[in-house]
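Attaching a single structure in structure tokens format; questions to follow.
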Amino acid sequence: MAYKIKAYRRKVNYYETDKMGITHHSNYFRWFEEARIHFMSQTAYPYKRVEKLGIVMPMIAASAEYKHPTFFDDEVIIKSWLTFFNGYKTTLQFEVINAETNQLCVTGETKTAVLNAAGTPIRLQREFPEMYEDWLSVLGLVPED
Amino acid sequence: MAYKIKAYRRKVNYYETDKMGITHHSNYFRWFEEARIHFMSQTAYPYKRVEKLGIVMPMIAASAEYKHPTFFDDEVIIKSWLTFFNGYKTTLQFEVINAETNQLCVTGETKTAVLNAAGTPIRLQREFPEMYEDWLSVLGLVPED
Amino acid sequence: MAYKIKAYRRKVNYYETDKMGITHHSNYFRWFEEARIHFMSQTAYPYKRVEKLGIVMPMIAASAEYKHPTFFDDEVIIKSWLTFFNGYKTTLQFEVINAETNQLCVTGETKTAVLNAAGTPIRLQREFPEMYEDWLSVLGLVPED
Amino acid sequence: MAYKIKAYRRKVNYYETDKMGITHHSNYFRWFEEARIHFMSQTAYPYKRVEKLGIVMPMIAASAEYKHPTFFDDEVIIKSWLTFFNGYKTTLQFEVINAETNQLCVTGETKTAVLNAAGTPIRLQREFPEMYEDWLSVLGLVPED
């Protein structure tokens, strides 16, 4: 299947700011998750479906670089794309862009495992070959604005 | 058992403030939960034990009145006490007090159900009579500072 | 001005769930805030503009009643409307509705003050009569889905 | 001054878990902040004092590696120490350890700038030489449990 992936958009919520007047840095990791789930919702395997199949994808590593702050009510575009996938581990990269100024504010990366309900790593290519193929088909696909 | 319950203490975290420079109002409901769990940890039935017995206590209603703001790094005392308990519903009340000034900042109330894992209400007096007695013994007991 | 207000829509984020598998009750107060800001963004006085005029609206009281849980990825409609406004205090009511089942999940109410930057109550009718009239014009206006 | 720094301890809150039943990964960045502020509170320059001097320390980069999950009510020890400091940038490292099992659960690193209120980088050695010396004195100092 040839996907066209749309980037994720949202606004900065008031409760996501801190007393410095900017978005608290921890929230970007939550936005990365929102963007990743939005990304997956555009494939044949939205995260809810993945979980129903008995698969969870716990975080192994996460990082962010903060270039410019975002502020209450800013609209941000969050691009997420899969940069690595071998059937039992994923890497995604993220860009948070101010939708009005087009400024790149934050970049990030997350690595997850692919586990079954018992917490054992699974190899998608063997156990869920269709999901494996579907994810391969979006590998490297950068979303449009 | 005659309990002496200690109030819960914590500091306001930086990430709990918002751009107004004060603790975001939603966080007090999280602190009420911390205080409730701290309260229960001083009885024979800490919440973790309760959950292991297959019981959950989802929220039915929650409210707060905000009298004075709290600020980053303020130490607060949170008193919580059980004001109603009939075996399948609980009501707790809360006071958030600035530990330095003794000022009463926020008051609150939460009501929870008592359900089994399947989401069905249970009557503790029949199914867990010892827990029922234990909770009755703390009914109305206001914690010390 | 005769407004037509649209209700606010959003999805339940993964990080908003807790180990019970449902949306943590504290998050509804954050959603109420999102809905209130979305509501105001449809009037002549979005909250960002209000703050630029030197006005803040800190919470005086907030409450919620939880009728049915919401779950990860559920789409919810949040209706918010102004039920009381006298120039220096506001009351809003909220309904959180599951967009798929139309089930009313949570209701709520928030009361805010209207203060200047120094924390002193202000009377909008005297100091910002146009804002006062604008808000009066949406008093009682229930948003559409 | 020869400091002896104590590690930070706290419990995993219920609202910090997600539907996987474990602490949501974003919360560790909040705990790192708590630990950093606890660390600074043991020096002559607690963060509140630093902010009163007109200095803020916004995040430049943050990362975490997740080795083992933590669960509701787990007591965790969070060690934080300063690994780099040149007067206008800081790097801290973090370890989150399960206090009962002594298992290392999460490691992390944060980099912050040192800015004045206007958002301009400042060189502490020139503008706040005593603070600069104080921070140098804790460089590399690993906290005790």
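Chains here go by letter, A, B, C and D, matching the order in which they are written, and residues are numbered from 1 within each.
Here, a contact is a pair of C-beta atoms (placed from the backbone, for glycine too) under 8 Å apart; a residue touches a chain by one contact, two chains touch by 3 or more.
Bear in mind the structure is a predicted one, so any value in this text is a computation, not a measurement.
Chemist: With chain centres defined as mean CA positions, report which chain is farthest from chain C.
Modeler: Computed centres place D farthest from chain C.
Chemist: Using the stated contact rule, I'd like to know whether B-C or A-B comes out ahead in C-beta pair count.
Modeler: B-C
Chemist: Can you tell me the C-alpha superposition angle of chain C onto chain D, nearest 5°?
Modeler: When the C-alpha atoms are superposed, chain C turns by 180 degrees onto chain D.
Chemist: Where the CA atoms of chain A average out and where those of chain B average out, how many Å apart are those spots?
Modeler: Between these chains, centre-to-centre, one finds 35 Å.
Chemist: Could you work out how far the Cα centre of chain A sits from that of chain C, in whole Å?
Modeler: 28
Chemist: Taking the mean of the CA coordinates per chain, how far is chain B from chain C in Å?
Modeler: Computed from C-alpha means, the inter-chain centre distance equals 26 Å.
Chemist: Which parts of chain B, given as residue numbers and ranges, touch two or more other chains?
Modeler: Those would be 14-15, 22, 26, 30, 33, 72.
Chemist: Could you draw the chains as nodes, link the ones that touch, and say if you get a line, ring, star, complete or other?
Modeler: Graph shape, chains as nodes and touching pairs as edges: complete.
Chemist: Spell out the residues on chain D that touch chain C in their complex, using ranges where they run on.
Modeler: Residues in contact with chain C: 14-15, 17-19, 21-22, 24, 26, 72.
Chemist: Can you list the chain B residues touching chain C in their complex?
Modeler: 20, 22, 25-27, 29-30, 33, 56, 58-66, 69
Chemist: For the complex, give me every residue of chain A touching chain C.
Modeler: Interface residues on the chain A side: 13-15, 30, 33-34, 37, 46-48, 72-73.
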